[in-house]
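By written order: A, B, C and D. Residues from 1 in each chain.
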Amino acid sequence: MTNRTLRIAVVGAGYWGPNLARNFSASPDWDLAAICDLDEDRARQVSDQVGHVPVVPSLTELLAADDLDAIAIATPAKTHFPIAMQALAAGKHVVVEKPLADSGSNGQAMVLEAAARGLILMADHTYCYTPAVLKIRDLIAEGELGDILFIDSVRINLGLIQPDVDVFWDLAPHDLSILDFVLPGGLHPTAVAAHGADPLGAGRSCIGYLALPLESGAIAHVHVNWLSPTKIRQMVIGGTKRTLVWDDLNPQQRLSVYDRGVDLGKQAAGRSDRRDATISYRLGDTWSPALPEREALSTMASEFASSIRTGQPSRTDGEAGRRVLAVLEAATRSLSQSGSAVPLGDKEREMEAAR
Amino acid sequence: MTNRTLRIAVVGAGYWGPNLARNFSASPDWDLAAICDLDEDRARQVSDQVGHVPVVPSLTELLAADDLDAIAIATPAKTHFPIAMQALAAGKHVVVEKPLADSGSNGQAMVLEAAARGLILMADHTYCYTPAVLKIRDLIAEGELGDILFIDSVRINLGLIQPDVDVFWDLAPHDLSILDFVLPGGLHPTAVAAHGADPLGAGRSCIGYLALPLESGAIAHVHVNWLSPTKIRQMVIGGTKRTLVWDDLNPQQRLSVYDRGVDLGKQAAGRSDRRDATISYRLGDTWSPALPEREALSTMASEFASSIRTGQPSRTDGEAGRRVLAVLEAATRSLSQSGSAVPLGDKEREMEAAR
Amino acid sequence: MTNRTLRIAVVGAGYWGPNLARNFSASPDWDLAAICDLDEDRARQVSDQVGHVPVVPSLTELLAADDLDAIAIATPAKTHFPIAMQALAAGKHVVVEKPLADSGSNGQAMVLEAAARGLILMADHTYCYTPAVLKIRDLIAEGELGDILFIDSVRINLGLIQPDVDVFWDLAPHDLSILDFVLPGGLHPTAVAAHGADPLGAGRSCIGYLALPLESGAIAHVHVNWLSPTKIRQMVIGGTKRTLVWDDLNPQQRLSVYDRGVDLGKQAAGRSDRRDATISYRLGDTWSPALPEREALSTMASEFASSIRTGQPSRTDGEAGRRVLAVLEAATRSLSQSGSAVPLGDKEREMEAAR
Amino acid sequence: MTNRTLRIAVVGAGYWGPNLARNFSASPDWDLAAICDLDEDRARQVSDQVGHVPVVPSLTELLAADDLDAIAIATPAKTHFPIAMQALAAGKHVVVEKPLADSGSNGQAMVLEAAARGLILMADHTYCYTPAVLKIRDLIAEGELGDILFIDSVRINLGLIQPDVDVFWDLAPHDLSILDFVLPGGLHPTAVAAHGADPLGAGRSCIGYLALPLESGAIAHVHVNWLSPTKIRQMVIGGTKRTLVWDDLNPQQRLSVYDRGVDLGKQAAGRSDRRDATISYRLGDTWSPALPEREALSTMASEFASSIRTGQPSRTDGEAGRRVLAVLEAATRSLSQSGSAVPLGDKEREMEAAR
């Protein structure tokens, strides 16, 4: 495909749309072709901020434009599926604000549709394109941490109690999309156990815990909470070689890589009784890599363009969005079963087979 | 009972015994009568540090002394039960290093035996007697936090991998005994769900999560971990009025009480559709109470004496020790069932009935 | 004076001008009448962001407008004096970005000119209008801290080495204007001693220390530094009753008020030898007041309007700006005399007499 | 000299003596021969803790013992000089608790006496032997920081107001001895300027600032304070290549080495007007070296033995102690002259000449 500047329209001028519009507008890869929203005033405000691009209230009219390459969807989650399907049917590449869809099956249908038409479907998992998360992905990919032993993610805050979704669907997509991004091969838990509480009687979980055993014997765990008076956004990723701590609220030292850990020596057969003798503890240096300063959405916009041009999936493709949905759906099911572990493998296998 | 100074012997001169010996020796309530350990050299070393009290290798001989009021047990957990039963049979009051026993049924038997003989059985849940935890208990009892909504406890560290117990039995007794101490009426979860991981192949869980739904709709959660490169000991206790954060590693501000939270207004009948309109957020001041400096074991020693003199149970009585064991046992059961929630109510009710 | 909306123009469309334009434009007290800059393109960009107000390249033309009440000056420091004098001569009220002028005498002349014409001259000491500093001023004024014993301010960072001013003139105006704002009666050191270093050979001090003895026997001290790899912005204000710590980089607890300190008892005559017996130490609670969220410049804009309407000086009036300049000039003199204490009293008294 | 175990006596059984006794007693290099204190009871208590070494009340008797190699002096500062001189006259090596003496001239006399007799005189600058400070010294010596640009040391706390010395003589010896230890060639400021305050009327400075210009154009600065409600012990050492931050109260990351800083390019002759164009900023990684755990006094004891055996001065020899005294005396003089810079060079040169 040529290197010509691609043309994109932003659909949805609410909370996130202006950010998308600003970044696609500023990107050397993209021309921002239009803002599309039923609320024409709101769309015009966004348009004014990025240099007066056309406002198109009708999605159908928008998609009819032959010179439009792609759309970025930032509408309410329920509408992601119909809008994306209509756009794919019109031959447009699509990037969708998280969550990819309002259900796993809709997400799966979008993935299949894009594949069938040879179009790019990308999830806007914005956090994945922050300098910190990109660095974490690289460190793991390069083997700096060794094999992953555990991931513990905490995202708590005095947050807005959402009217329509619980704390899992509100906050955990961030953690899950990051896990999917940094784990080699993506996030494939064998099961999901979710524990929630609604002690205020808000009608939905305001506090949530997710336990995600991984095939390797490792465990991932997520704590999300709307009721904490203090704000914590921290992820610990333990590996056989090193352990990384990401403290997103410490701009002076966001990432710390600890050469500290436990080593278990290999045992001769039949000597399991003497295992303890071979435990050793590493207490080495700590290292905090410098991070470039770049807005995540700007990197995301480049990636979307590059994906279209090369035909390769982006690092947060539709499949990644679908995996996040699969975990969230399993979490909802686990919640309704007193936290029983809901296995993910079978359904996953079906989905993989369907592709 | 008279106010005469009470006489106690410390049984076990290993890791914890010297601390008990030093504090009972320094206490105005107590005379330290003897150190008892099969390893006479070890016992003598402890004796030398506290002013040359007698060393008595034989437990039977020790308990035969008429002028001995009580013993403090600091031997390996497996031996707590037989030693305590023998001491109770000899008419001695007993305080036992945590955990109270190696099983819930043994703990229960000890509780029943002490009750039957009118003797005091106390668990040395040392953490409960730190100035911070005593203050937390008071604040909750006085209603400063309102009703409890959630408790989240994190105790992670690059810790020693124990040869005989997993991370739940090694570290969680601290958290559970504290929960039992500060919650009005003690810790009574409706169920226990435990998720663990042993990614190094150590033969037992090195990472553990406990979800403990409470009857009120609140949730308690504990994260214990031997593999974390950084040390965190933090407990957040959210209430309807205020939320408390205990950061045990910040000596300059261990306790913070936040007047921050979410208020849900009461609804008129049939108006549930408008509930969201009545959510409000408090963003008030933070307050950090000054804490006295006193060694926890010194307070524990006073409490044991006072309990013996008044005949009233101590704040960490045998029953408290038994409740902690009940949760740990349920956790072990949950682990073996892929993290299924193990209900606690029935067995608890049986136990209560048995008393 | 009436309560009609006042009309203001922003002079200078560089770094700070857009912030002034945005805040005066959004203020209910003000109509933003024009943007004035010799660089018409730059002025137009600012104008576009605030709703297309007129661009006027000529200051003379701007000041000729009868319906203009005031100007806000955000040009290079050297030009503050001539622009302000021209505006005052034209009968306009004036607010000036810090520092008020490029010399104490120019600042003094501006103060006298405004007084002679009955116009308001205000220094835009923006930091003083942040919620934290406003709260500090209130706490001190209400006697919450008691008498001030010491103030220690640290403002260090890997900062840009300025081409024309040293680190004292670049960073210390922030600290000095805050000291002037929170100390009852303003900042009146008896002397200024400045110690600087230029270890890189940059041609000006990159590291600076200011010692400012106050008449009461208290001391204020300022550390400014362009070469620190870590960023610290912290001020400790010790009082006889309480001590306040302002950590501007900790959004979760910017202000902490410690009920901790030393009390010296009063002595009977001739008993000075026993003074030590009467020293006592307070170790009380810590309190962190909640702070409202409001942009400092918005509060500054309201204050300027209110000052014009009532004819009362603002809390950062021209006199405050002049006091800051007096300290900076004394610091420069001290630097050239190996850090000798340069007394401030005499010159100050002359200035006061001249008013 | 042979490698036989050396024999030492501790003189002074007050605050610091027991620590010395414990460490010399445990050292493989030393036999603890006696405890010497006029207060025989106090001496006996110390003796009991270290295994019942002889108690000798008389210094003269102690020094008469032919088999005694050395003494460690931990008596009040005023008595350091006479005791050390008597011990040196008796042919004993001497290590002295900080400060070396109560005046620079006494310290100088001790240095000369030891040199004349070929004996080792060492200052127990304990902080210098902590793992953190030893590491700092190594990093600087190995050129890891490049040339030193500035050192800023803060040691503040709600401290005990001492009856006999001001905050400079109480706390600054720590900072000064550390500076002397880590700076290649020792601490040689060209002048000392001291600013103090006694706002409570305690009769001596409770807050102190020391500015110490170094010959290289660098500056060292020390802030000591008894009135701060919060405890800070932090030293920043800026170098041309890297900058080190030592936060002694952060056990999880005591040392941080920042590859961050400012680089000024070299100028062609006559091109000084374009200097600014060549400023660049480094924003590299941060590194926190692991530190061994070893008690500082244990390392000090080894160093004293090694110094005696090799005849080489220790890293904190009498000369180092004298340099610290010279700065403290100059600080006292500066205080009495309103903070004027007191030059150190001349007197220093005299002293050096006298040796």
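Note that a contact is a pair of C-beta atoms (placed from the backbone, for glycine too) under 8 Å apart; a residue touches a chain by one contact, two chains touch by 3 or more.
Quick caveat, the model's predicted, so the values are computed rather than measured.
Asker: Relative to chain B, which chain has the most distant C-alpha mean position?
Answerer: If we average the C-alpha coordinates per chain, C ends up farthest from chain B.
Asker: Report which interface contains more C-beta contacts, comparing A-C against B-C.
Answerer: If we tally the contacting C-beta pairs, B-C comes out ahead.
Asker: Distance-wise, how many Å sit between the C-alpha centres of chain A and chain C, to the nearest whole number?
Answerer: 45
Asker: Using Cα averages as centroids, what's the distance between chain C and chain D in whole Å?
Answerer: 40
Asker: Could you put a whole-Å number on the gap between the CA centroids of chain B and chain C?
Answerer: Between these chains, centre-to-centre, one finds 54 Å.
Asker: Can you tell me which residues of chain B touch two or more of the remaining chains?
Answerer: 230, 256, 283
Asker: Would you tell me which residues of chain D are touching chain A in their complex?
Answerer: The contact residues of chain D facing chain A are 253, 256, 259, 283-290.
Asker: Which residues of chain A touch chain C once you look at their complex with the stated criterion?
Answerer: Residues in contact with chain C: 230-231, 252.
Asker: Show which residues of chain D lie in contact with chain C when the two form their complex.
Answerer: Interface residues on chain D, with respect to chain C: 147-150, 152, 158, 161, 163, 191, 193, 195-203, 206-207, 209, 211, 213, 216-219, 221, 223, 225-230, 236, 238, 240, 243, 245, 256, 258, 260-262, 264, 272, 275-276, 279, 281, 283, 338-341.
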